[in-house]
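Both of the next two complexes hold chain A, though its partner changes from chain B to chain C.
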Partner chain A sequence: MTIIEPRKHGSAADGRVGGRLSRFEGELKITGNATYALEYPVENVAHAVLVQSTIAAGRVVSVDASKALAAPGVLLVLTPEDDLGLMTAADWFGNRPENQPFHPLPKVVRYNGESIVAVIAESREQAGEAAKLIRITYEEAPAVADMDDPKASEGKLLDAMTVEWGDAEKALAASPVRIEAEYRTPREYHVAMEPHGLTAGWDGEQLTVWEPSQWTHGMARNYAEWFGIPLDNVRIVSPFIGGGFGSKGVALPYGAVAVAAAKKLGRPVRLAVTRPQNFTSYGGRAATRQTISLGASKDGVLLAIVHRGASETSVYMDYPEQTGAATPILYKVENFSSQSRVVPVNAVTPGALRGPGKNPSAYGIESAIEELAYKLAMDPLELRLKNYADHDYQSGKPWSTRRLREALTEGAEAFGWARRSHEPRSMRDGKSLIGWGIGCGTFPVIRAPSSAMIRVLKNGRVEVVSGAIDMGQGTYTILAQTAAEALGVSIEQVDVVLGDSRLPGSAIAGGSMLAGSITGAVHKTANAAREEIIGLALNDPNSPFRDTGANTLVVSEGRISVASGDGPSMTLPELLSVLGRDELEVTRNTLPDDAQSASDRMNAWTSMGRVQGPTMGDTSMHSWCAHFVEVRVDEDFGTVRVSRMVSAFDCGRLYNPKMVESQWRGGIIMGIGQALLEEGLVDPRNARTINNNVGDYLVPTNSDIPDIQVISVGVPDYEASALGGKGVGEVGIVGVAPAIANAVFHATGKRVRDLPITLEKLM
Partner chain B sequence: MRDFSYTRATTIEDARQAALQAGSAILAGGTTLLDLAKCGVNEPDELIDISHIRGLDGISVGESEASIGALAKMSAVADHPLILKVYPAVAQSLSLAASQQLRNMATIGGNLLQRTRCPYFRDPATFSACNKREPGSGCSALGGVTRNHAVLGTSESCIATYPGDLAVALVAFDAVVDLGSRSVPVEEFFLEPGDRPERETVIAPGEVIIGISIPASAAARNSTYLKVRDRQSYEFAAASVAVGLELEADGRIVKDVRIALGGVATKPWRARAVEQALVGKALTEEVILSAARLSMEGAVAHGGNHYKIELAPRVVARALRTLGGLA
Partner chain C sequence: MPRTIHLTLDINGKAHPLDVEPRVTLLDALREHLDLTGTKKGCDQGQCGACTCHVDGERVLSCLTLAAQVEGRQVTTIEGIAGDDGTLHAVQKAFLEHDAFQCGYCTPGQIMSAVACIREGHAGSDAEIREYMSGNLCRCGAYNSIVAAVRDAATTIAAGQKAEAA
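Take a look at the complex of A and B:
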């Protein structure tokens, strides 16, 4: 358990919700004092190394482990022949198949890079060297390398994702102005700085797993169900996470392997997934393709949108990357049709990567809308404002808050959009063609309950405690601010304890839902704690406030006093001491009153069962943004550099603008990588992603990133969350890639419809 | 676990003796060697660390030539004021290479001997066929993903690109590798793959690079290294060029020009046909364009790398324009 103590910067207002308090754990991280999962000091630990398949499909005929077993230090080799006795765990929604065994080291190979064997030795080096001695004999089967493989199918139509209103085909056919184009995105990967891995140890029937986790309670349930032990017997410890971006939400097969090995050996096991293995241990963003047809009147009124999308999935699970997710809600349109397919290929099942669905979807619709603008000879900003969606045409509901118009106009103002010349190739500086583009983004407000505990201690400290996590978004920091403000104590008094499944449960740090959820829970808990303190002070026979005749008291800067200013005033520890108490502990959750049973709670903290989508209430709730980009494209070489960026956001109220701006900028930087660099290169012959390392899978460097000006145009949205914020973590990446593609078109007159925009596409 | 021995050489003679052993490898900055050890490509039994040999890291720039010791760090050479002044293309080829951290570790000798980034070469566990690693085993790159493979100097056995930058500048300016007992022009030091892609240089067992020398020339003094790539920094070249230019006293006619290409060939590639087409001519846009096109004489594309045939002449032309004052 790690207690993070605040350090104060700036003014006292920084300690309240909305203040620009610096990151609580920042100093620990930059001084190397934050302990990550693979560094956890554990006695007598053994080391596991995975051996992955080098074929795309087939069957493991045999594993010759004799040389590996004879190698120095080797303790154990696990192969598909070993029945680890595991059972399949519940899915995200808590559904669990009956009596279905789970084999984390399978006999049937479904993708290149699937883990087949694990070698466990006294040291990591010994395990790694022995792993090279493993000989696997396969019987190969035909494979589908990717969605462009001639053997790939057209894909399965997912009816649940079909969205229709009006008569889009007919309205399109009748539209005087039409565009149609196909947009494609490649496989993209999380490449978090901290690779996957874990340290796991058993103490009798008690299992402790140190593993970076976006969801400690959810992961604990995965392990409990795999190993058939009570949930309470599993403890996931994850105080620090070196980046997740969606890849660390659930326990993965290698985790089961390490825990099973620890059980067999009767000693702790550490398993570090190598960087190349990271590319297949959890799926990145699926490759997508989508065709978008837009119909409009001659003066630019959007009349129809027809969208047909497809994304890659694995051969063993349907995971849609929803290219139709943003399409229906960005613009006002009376006729709409969207259909989505998944194309099974021999790859690991894709996963959620920052802005899932919305991200490639926005690339499609936001590219198409600019294509339409050029067809109409209309300013792309004007076209967007002209077709501004006054309500959500998909659900028919009003927006809770939607300040996208302000984002567009204030962003345009800050960027200087009015100075733009419309024609492509009309702005240049020597050999640099200069282009400007816009891309809008959106991400739904997803709501979920959470719980928290607050402890007021005799030593003057206040602890905020939750199983929620902080992977850099600022959870530690904003919870201290929330508790300090609601309780009436100074921020210096607050400690925050997070990242442990033994602590009160919370929503997943995913879908941009955690901040809104957990601040709500902490706010509620802190208010309850303050009420309880005041109640005790008024009613306890030992309390000096009992005789003041006051019917309430105030708590401010850690002191409790009578509102009028007359009478006693004391610090909270002084009060605890006159009351004869060591501490005061209050736990609350934000589940409905009729869902407070033990099973309701367990379900809420370990599944998506209580998660509410953006239109489950009376309104439609989303975060919004508009990105304005300037690119410089070398006329001869086709190299693209982003030279200036302004992005305006409506994310409601910002709990800590400093943290939020860093989230936005981080998303934008990933978006620049997506637009210009990132692409999993798949060898068509064996379906292997061959640039599976950070030397070859390129993400932006500092010199690829210009100054990024971010602007908040949001207003508090108390339907979206208790404290008025909407999600900030993912919306930042959404719309960046089309803004860049649009700017590249404006610069060069070339429309690149498949990411990334590498130089040969512009030469 | 794989055991290997580690010896710290104190003299060049020590290093030579040790390097005669089969299975031995010289360790300098280690940024290539350790990387390849981790990939399972290079698994020496014996490491001979030369980084502590004294007097091998000198940089001296004289009237007629510059001498750089094999152990000089990339960053030290890149930042050396006289190298910057007298051989700007050499300094730039280094400062545009790798990252600052790597440049602080890596040596000039090791830099020359860095190995290809061909992903098939670097993944022996998956791709057993690689003639460079395992002579006669075949070439996995043919028919695979080849965006960064070479278009010049390739053979049926191997199409791997020589990835380094420094050697390109050195080849342009007729630099010489000092191997102690003999000296070899850098251009001849590197070999085309032919049917023996495992042999990349003429270096023989027991030979150690002592240093390099670069003759002074007016062309070297007026030179530039232009490196084109998708990522602004920390990426190998899609195409690069070292160009040095000397004009006649009239300031118009080309007296001497040196051009070498990187990122497109199996070895650092001197573009003599381009040079010959320029000498004696006034630098005009037409002259530059038609000469630059000659840089791709004999180029062969394999799938995804065809863009290099278009790109490289444009890079050559840009560098010539810049030096010739036409930009």
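Take a look at the complex of A and C:
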């Protein structure tokens, strides 16, 4: 556990919900004192290095580890021949196959870059050197390199993802104006600055894993089930995470390898996944393609949308990247059809990466809508407003809140959209062609039960405790604000303890569901703590408030007193003292009253079983945004620079605008990378990820990014969450890539339908 | 056992004796041998900037520097830029105020680069700051705030130097 103490701040209002309190744990991060997973001092630690496959498919015939075992410092070599005795763990929804062994170093190779062997030595340098001496003999099998491989299938149709209403094909055929186009996105990677890895140590049957985790309880369950030990025996420690973006929500095979090695050696093992190995040790965003057909009347009323999408998956699991996720809910349309397929290829199973589904989906529909605007000779902003969805046509439900119209109009105003000339290539500055484009984004409100503990201590401190995590979204900060406000104490008194599976369970930090879920739990717990304090003060024989005759008391700035201002007033530690108590501890959760058993709680904290989607209630709940982009394209060289951006968001109430603005910009910047730079390249001969490093897989640098103006147009949405917020982390990236593609079209007259938009596509 | 060499490294003004293999990088020496984990490993191949330290006042990538190369030179890490009494460096203060980080993992490298960037005289404009801070990747995307923080800290530092001169 790491106790985070607060920093000084500007104004008292900063310490309340909605205040611009600076990052609560910030001082630890700027001084180098925040301790990340691989930095915990662990006695007698051994170091593991992975050896990954160099073929795309086949079988490991033999592993010659003799030279490696003879190398200095080598303690152990694990190969597919070693039965580690592990069993397959449950999936995210808690479903677990029976009696299915799990081999984290498999004999059957399913993709290039799959971990096959682990070398463990006294030092990382020794393990790395010995790993080079491993000789693996394979029996190679035919492989499918990617979805463009001639051997790739058209994909498996996923019926559960089909969405239909009206008669889209018929309405499309009857539409006076039609467009149809295919849009493609390549493999994209998380590239969190902290590479994956862990330190694992056993103490008898007790396992401690120091590993960056977006979900400490869920990952503890992974390890417990793999190793057949009680959940309580596993502790995941993760108070700081060096970025996750969807990649650190589940334990991965290399984790099992390190834990198994630690068990075999009887000493702790540290395994640092190298940066190149990060490209194949877990999946990034799948490559996608989608065909979108739009039908409209001549005056721009959208009559039909037909969407046919496909995304890559692995040969061993169906993981859809839902290119139809945003398509049905951005616009009013009476006739709609969407189908999705997954195309198995020899690659690691793709995973969730910022704005999963909605992101490539918005690239498709938001590019298509501008293509339609040009076909209609209509301003793209006007077309979007004309087809504004008054309710959710997919679910038939009203929106809880949807301020996308305000995002579009206020964003346009701030950007100066009215000054745009519609014709492509009609705006320039010397050799630079200037283009302006719009892209809308959305992400659903997802909620999950969570729990928290509050401890009021005799020394005047108040601890907020939860197993929830902070990977930079601002969990520490907003929980301190939430607790301080609800309990009635100064933020200076509050400590926040997070990131440990031994602490009360919480929603995953994913799908933008954590902030709304955990602030709800902390708010409930802090209110309960305040009520308990007041109850004790009114009823305890030793309390001076007992004789005041007051029905209730107020707690404010850490003092408890009678509302009228008459009578006694004391600090919470003074009250604890007269009550003869050392501390007061309150734990609450947001599970329903009829689901409070131990197994209910275990399942809620370690599976997605109780996660609620956006339309499970009476309304349809989503975050919304509209991005306005200016690009400058060098007419001779085709280089694209984003020179200006305004993005307007409806994310409901903002718990801390300073943190939120950082997250929005972060999503937008990742979107700029997606639009212009990011592309996993696959060697068609052997399905190897060629550019498996951050010098070749390009992510945005400081000089790629202009000043980005972000605007909040949201209003509190108390259906979406207890404190009125909607998710902020995912939605920022959604709609950025099409906004840039649309701006590039406006600048150049060239429509690029496959990301990233690189210069050769504009020549 | 492999051969080790004995080094004495001057890190943040203190002498640190160290027995390591010759192939150990400055980054691994700091993180694995000296418990100075503020310096981060993001790629271990000189591409991300997370491991940026100062050697004799100039920024270097400690993952591409052998520990043995810096003996007899002054190494400064993120742990060494605050005052002896813990007073934060102007760049650290500005990073906190402008929220110039999220996850915090690239932050020590960003701050070490920023301190040097200002000292080099490369913080004259936002465009210049962007260019001279581009060796440090930030996947959380705090670039706008990093530019604001460097600009702000450069002004503070210049004002301090002016006051000292007067």
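Methods note: the second predicted complex is superposed on the first by the 763 of 763 C-alpha atoms of A that agree within 3 Å, B and C clash if a C-alpha of one lies under 4 Å from a C-alpha of the other, contacts with A are read in each partner's own complex, and residues count from 1 in each chain.
We take it that a residue touches a chain if its C-beta (ideal position, glycine included) is under 8 Å from a C-beta of that chain, and two chains touch if they have at least 3 such contacts.
Every value quoted in this text rests on a predicted model; they were computed, and no experiment measured them.
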* Asked: Quick one: chain B and chain C on chain A, clash or fit?
  -> fit
* Please indicate which partner A:471 is in contact with in the superposed arrangement: first for chain B, second for chain C, both, or neither. => second
* Asked: So, does A:243 touch the first partner chain B, the second partner chain C, both, or neither?
  -> second
* Should A:686 be classified as contacting the first partner (chain B), the second (chain C), both, or neither? -> first
* To do: For A:658, decide between first (touching chain B), second (touching chain C), both and neither.
  => second
* Could you look at A:27 and tell me whether it touches chain B, chain C, both or neither (first, second, both, neither)? => second
* Most chain A residues touched (candidates chain B, chain C) -> C
* Asked: Of the two partner chains, chain B (first) and chain C (second), which one does A:759 touch, if any: first, second, both, or neither?
  -> first
* Would you check which partner chain A:132 touches, where first means chain B only, second means chain C only, and both and neither mean what they say? => first
* Asked: Does chain B (first) or chain C (second) touch A:44, or do both, or does neither?
  -> neither
* Asked: Does chain B (first) or chain C (second) touch A:123, or do both, or does neither?
  -> both
* To do: Give, as a whole number of angstrom, the minimum Cα separation of chain B and chain C in the superposed three-chain arrangement.
  => 5
* Structure fact -> chain B and chain C footprints on chain A meet at residues 72-73, 123, 125-126, 695, 700-704
* Parts of chain A lying in touch with chain C, wherever the complex brings them together -> 7, 22-23, 25-36, 38-39, 41, 72-73, 123-126, 190-195, 240-245, 272, 274-275, 471-474, 658-659, 661-663, 665-670, 693-695, 699-705, 707-708
* Can you list the residues on chain A that touch chain B in the complex? -> 54, 71-73, 112, 123, 125-126, 128-130, 132, 276, 430-431, 634, 636-641, 676-677, 681-686, 688, 690-691, 695-696, 698, 700-704, 756, 758-760, 763
* Asked: If you look only at chain B, which of its residues touch chain A in the complex?
  -> 1-2, 40, 117, 119-120, 123, 125-126, 143-145, 147, 228-235, 238, 307, 310-311, 314-315, 317-318, 327
* Structure fact -> The chain C residues in contact with chain A across the complex are 1-2, 21, 23-24, 28, 31-32, 35-48, 50, 77-79, 82, 88, 92, 95-97, 99, 101-108, 111, 126, 129-131, 133-147
